[in-house]
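Chain IDs A, B, C and D follow the sequence of writing; residue 1 opens each chain.
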Amino acid sequence: KNSNLNMLPKKSIRLYDKDGGKNIRVKNISMRTIKFLKDFATTLIEGRWRYTLAIFTVSFAGSWAGFAALWQLIAQAHGDLEFDPLTGERMGDGRAACTRGAYDYAGFFLLSVETQGTTGYGEKYPTEECPEAVFLLMLQLIIGTIIEGAMVGVVYAKLTRPPRHTGDFVFSRNCVICLRDGVVCLLFRISNFAEHQEINSRVEVYLCEKSTEGEPRDTKLKLENDGQITLYLPQIISHAVTEESPLFGYSAEELANADFEILVTLTGNSKATGQTSQSRTSYLPKEILWGYRFVNIINYDHTIESYTIDSVHFDAVVRVDTPTCSARSLQEAATVPQKDIRKRKKRQVPQDSFSSKYSLQVDMQVAEIAVKDVKSQFQAQSWDGFIDSVPIKS
Amino acid sequence: KNSNLNMLPKKSIRLYDKDGGKNIRVKNISMRTIKFLKDFATTLIEGRWRYTLAIFTVSFAGSWAGFAALWQLIAQAHGDLEFDPLTGERMGDGRAACTRGAYDYAGFFLLSVETQGTTGYGEKYPTEECPEAVFLLMLQLIIGTIIEGAMVGVVYAKLTRPPRHTGDFVFSRNCVICLRDGVVCLLFRISNFAEHQEINSRVEVYLCEKSTEGEPRDTKLKLENDGQITLYLPQIISHAVTEESPLFGYSAEELANADFEILVTLTGNSKATGQTSQSRTSYLPKEILWGYRFVNIINYDHTIESYTIDSVHFDAVVRVDTPTCSARSLQEAATVPQKDIRKRKKRQVPQDSFSSKYSLQVDMQVAEIAVKDVKSQFQAQSWDGFIDSVPIKS
Amino acid sequence: KNSNLNMLPKKSIRLYDKDGGKNIRVKNISMRTIKFLKDFATTLIEGRWRYTLAIFTVSFAGSWAGFAALWQLIAQAHGDLEFDPLTGERMGDGRAACTRGAYDYAGFFLLSVETQGTTGYGEKYPTEECPEAVFLLMLQLIIGTIIEGAMVGVVYAKLTRPPRHTGDFVFSRNCVICLRDGVVCLLFRISNFAEHQEINSRVEVYLCEKSTEGEPRDTKLKLENDGQITLYLPQIISHAVTEESPLFGYSAEELANADFEILVTLTGNSKATGQTSQSRTSYLPKEILWGYRFVNIINYDHTIESYTIDSVHFDAVVRVDTPTCSARSLQEAATVPQKDIRKRKKRQVPQDSFSSKYSLQVDMQVAEIAVKDVKSQFQAQSWDGFIDSVPIKS
Amino acid sequence: KNSNLNMLPKKSIRLYDKDGGKNIRVKNISMRTIKFLKDFATTLIEGRWRYTLAIFTVSFAGSWAGFAALWQLIAQAHGDLEFDPLTGERMGDGRAACTRGAYDYAGFFLLSVETQGTTGYGEKYPTEECPEAVFLLMLQLIIGTIIEGAMVGVVYAKLTRPPRHTGDFVFSRNCVICLRDGVVCLLFRISNFAEHQEINSRVEVYLCEKSTEGEPRDTKLKLENDGQITLYLPQIISHAVTEESPLFGYSAEELANADFEILVTLTGNSKATGQTSQSRTSYLPKEILWGYRFVNIINYDHTIESYTIDSVHFDAVVRVDTPTCSARSLQEAATVPQKDIRKRKKRQVPQDSFSSKYSLQVDMQVAEIAVKDVKSQFQAQSWDGFIDSVPIKS
């Protein structure tokens, strides 16, 4: 799973890993410690199973050992462990012993385990002789119920929570920029293979740039349908690079050298439990492919009478004719010489490709420089998801 | 429940079944397997009860059998199972046996079951003689608590999750297109019989068409009140077919031959548990009835002093006078010959039906062809929800 | 709590009761039955405690009795219940009996209870002699865990779900209509006494009128801040009666005779559990007081250095000077004779009350008829929440 | 943690404490009592652990004691506690005693504890002799399961709910007002140290002022990106003080004497459990620092190849050049003498600071009075988070 990432320089300067993990450290450790203590349960739920098991084993064993010591203490105070050397009779107070069947720490430990675990084999048991033993029994049962309650709760929460880092499976490896109905769009693909965010799904995309104060500052990118999606199929999320978009001024060349990060979150509810969760990923400028689009992976298969998703090509992209100038230049080229273009268009051949109209206009102004540069970054690698030879089925 | 669906050709090309199940397969199986393992709990919760029970039975039985073997191993290592043939005395190490009352695998199995289930009848029990037996007891109690915790959690989640496919009960069988206050509207009915989405309910409607790249692409349809509803009664959801609507250009005839799918989702929270869930359905073009409206099913019953919902007629529709041209043609007919119409209107009889105004204008342009075609698809069947003779109570 | 409602005619034609319960019946019972079965858990969680307890008692007792019969069956098949009349020895198969200590149905019932409840006193217990008995023990432990899991889940869900009908405590008894900054507003008060919807609170108000098809149809009323509120204090929710409002055309007199229902929902999350829930109420036209406003109940108490809420006067209203014409007439009066008013205003005395400006303009046109009528409905009753003598602290 | 707050006058008139606790009392106690009873579970979940433990201990002990009395009653009625003084034989009815091993209240209490806790040591146990004893056993097992279920549920809910008052850690201690891209902005910082609201995070800011009726009335302040944030890093939340903002008319001097409260809520879902929760704080006018901005605390550390958050300086602010007039005056100064400014600008030196443009224009009109006043409030205290000497890294 991680082998694909090796093609990127080992450690990019990024806030999110591709699979949604944060690349952020909090310097001041004491504050973390406070939080650790405050959110003990969250730590238990988010931690690995082995860690959770260790914590619970320790708390179980600790309470067992502690109560065993208390049982022994009560028995000793009552004189239950002193026997007449000759007759073997108990020499302590009262009519009977506080507990039967336990004579050393090992015995009391077993009594403690059997009591708290509510097994109660019956070989060892407290009697009604000592009120303090009855009280200890009550206390241990209550403490035992609480520990068990916490354990049941944490196990349930761990079982139903989504896996920690699923960004890798949910989002396509790259963004692409291409023309869609004549508009420059930033596209990426999102899948429903993990169904944790299937209900009420919404995508949010933030472009994170350094502000003048040197602090990362997010700008929300406007998406089609405001980012609300029905995640019944893998979907292509589209951000139209219009005047309000912070990407409006970037040409292919400038983008390759840009210093920002695109943060993508998919939030939704699980169909099974209704729980809210989030998958995340991020795209660096070098992961945005200029002049590509995603390969169609959804087809209707008449033999099985069902739609099929070709998950192997989930990340696959294919080159399309795209101007490499910025969306701003493209708009200016399209609007300013309005009259000239209208004249020229009448003389043009009928347009059979949706992108040809704009490409032709821009061709004379912007040579296809940047696309080659961008492409060359990736062409060296033999990555199976990158299909350059797939024909466009337009 | 499914018998009504037989009237449709056996396998329509559709993404969602009428009851909300997906008609989609993921081709690459290995990826599914990964997901299966990752979301074990979701699989347990979403699976059928018999499947969940089988899994739990296997995990219980497996852990019992495994621990039984460990108990026996400990006893054997301690020599508890070797007896002097003459005296019948135990010949192993130590003062006493590690466990009492169990002498073969069946016995140790019973000990294991009694221990993990915390029954502890007491006929068989471990002693404080062997630390390894005490440790095994502790381990089994912890493992037992975890398995029980998982079971309690899964049972709780299964109990409170909504049934899997409820689209059939929640949404009307057909969409209709008719005039509402002079505007062409796409209507369908939504019920609150299942109260799983009663709180915070919102409806989303997507028209799913093949894009130029061949991939399904959703367009969200604008609804009255933005799709927010108070689902205290069955409601009629209305999409006004205005210029922004992708249905704007469809006439009744074109609609009958169109190739799209309308996906409807109802998302909301349960009143009982607050859980988020979703019901879904889809409408194919042939399930959209042009020139019909839904029969009123809500009336105030003075004898029981309460509103009543006539659930039998939930799907019932009735023919209304509707132009069969597209909403675009209707608008053009209404706007272009503005002056002519205004003249004509003065000469007209007073209008008593809200739809007559537009029908009259359009009558001369569009003959009622398509309605007959659409209707004929359904008239052959004797479906009790389809009432053609119910008079319009306008 | 319900005695106040007696002042209204015994059974108003309304969809919601004042406390949020629905006054709606579904006619077709068979469909309800299906739903009952499908949503067994919801029924358990929403039902009364006594009902839930009864269900669980029955399922516990039933499973105990059933397993007791199985235990007895196994014992009989093994011949454990046949004894030699002379020696009293067991005459069945095998070395030993399947179960010890149980000899009649009462005994087996006790064994069943002890086993499933995991008490396991030890006087009665199964032996390793019969595999079928061991299997039955395993089965009963699993079934017992499932029933207990369901019980724990339902008890948890019942404990954390909000009380069923809280509308009475959450919403003020009446709506009022008065001028606020010169605009006609529909106001009602909402409290935070129950903290079930304190987080993420939003109010939605729907005006429910019969459509031309005879079916109730909701129109959402636009609220201040879009209905989003921070429910840290009782708040007054305000709907400005502007041109888009369906209340725009109603004068005080027309309102008294109107036939609609205002449905109010408050949705939010519990601070304690994060659970989503909803409180609801409804206002009939006769519960809308024209020309009143709510008495201020929030003050800063310097002695205890804290804000105080005077919950006794939560529903209290006080008369204010309000034109009784419709908001439409008011607007026309304010806009049409623009020049005249501007002239008149110069001659006017300085305005010290925020509502005097409009009142004066309208006084000559609309006499204060309707307010008297509306008031007379309520004046006859001695309702402690209705304070007419409280001075306006403006 | 609370020592920092001492610098403020001991008891400010405020609705929220800095850590989100409410400074509000409901006067009418009887209503609170009703609520207490209605929301018993919420009270348990929200209360302190010691309180919850006490409640559970009492309910456990109470049920144990009650059932012990019932066991004894049954035994007495059956004559199990009457013995022949000579032979020591039981003199009651029937073949056998209802319960074995218990002869006084202490014994029955132990039987009750062992039964309800399902320990069942076996020394004391009911027999099949008395149907009433069997029934009592059944009843106690059911009641025990319910109490345990409630306990497990409450423990789970307590574990997973966010800590009660976290406002202190989540929000910066002060708001600041400064120019951002030439616009007057109200800024505060928000952290993700506690991850309770990390998913689906949204910030809402309300300005709470007394209305003319004397009641607090909230106005929602418009935020950047509508308050939706991705809380992966500490973020600076920005409210642009434009014409719609209620802060538009406040100058630095007026603000210092203003009487309002800014309520801030951060709502979101936990990454671990998906639970919705909210953190809150409030800012009084004297906590708004005019002419400061927050120190950047996020840097990329190349040695550890990760972003680092300098949590020590979370609250740290630094003075920046800011006009002290109101945003309204600033706008008027910028727009009215449009021509003059344009002329003057040509003669100006190149602007290297983003705020200099406006500062220069306003300098002649508003002297820097207010900033000194505001500052003096704080300068007396030696608060480590307040850094006045940190250089601006612009």
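For this structure, a couple of remarks:
The rule is simple: contacts are C-beta pairs under 8 Å (C-beta built on N, C-alpha and C of every residue); 3 or more make two chains touch, one makes a residue touch a chain.
Quantities reported herein were computed from a predicted structural model and do not represent experimental measurements.
The rotation relating subunit A to subunit D, fitted on Cα atoms, comes to 90°, given as a multiple of 5.
The two sequence copies subunit A and subunit B touch through a face in which the numbers common to both fall below half of the numbers used overall. In this assembly, the chain whose C-alpha centre lies farthest from subunit B is D. The pair from A-C, B-D or C-D that reproduces the interface of B-C, where over half of the contact pairs by residue number are the same, turns out to be C-D. Mean C-alpha position of subunit A lies 25 Å from that of subunit B. Separating the centre of subunit B from that of subunit D, both taken as means of CA atoms, is a distance of 36 Å. Chain contacts: subunit C has residues 114, 118-122, 148, 152-154, 156, 269, 276 touching two or more partner chains.
The part of subunit C that touches subunit B in the complex is made up of residues 11, 13, 15-16, 22-28, 31-32, 35, 38-42, 45-46, 100, 114-115, 118-122, 124-128, 131, 134, 137-138, 141-142, 145-146, 148-150, 152-154, 156-157, 161, 204, 206, 212-220, 263, 265, 267, 269, 275-278, 280. Those residues of subunit D that touch subunit B in the complex are listed here as 118-122, 152. In the complex of the two chains, the subunit D residues touching subunit A come out as 53, 56-57, 60-61, 64, 102, 104, 106-107, 109-110, 113-114, 117-123, 148, 151-156, 159-160, 162-163, 169, 193-196, 198-200, 225, 228-230, 232-233, 235-236, 269-274, 276, 293-294, 296-301, 304-312, 354, 393-394.
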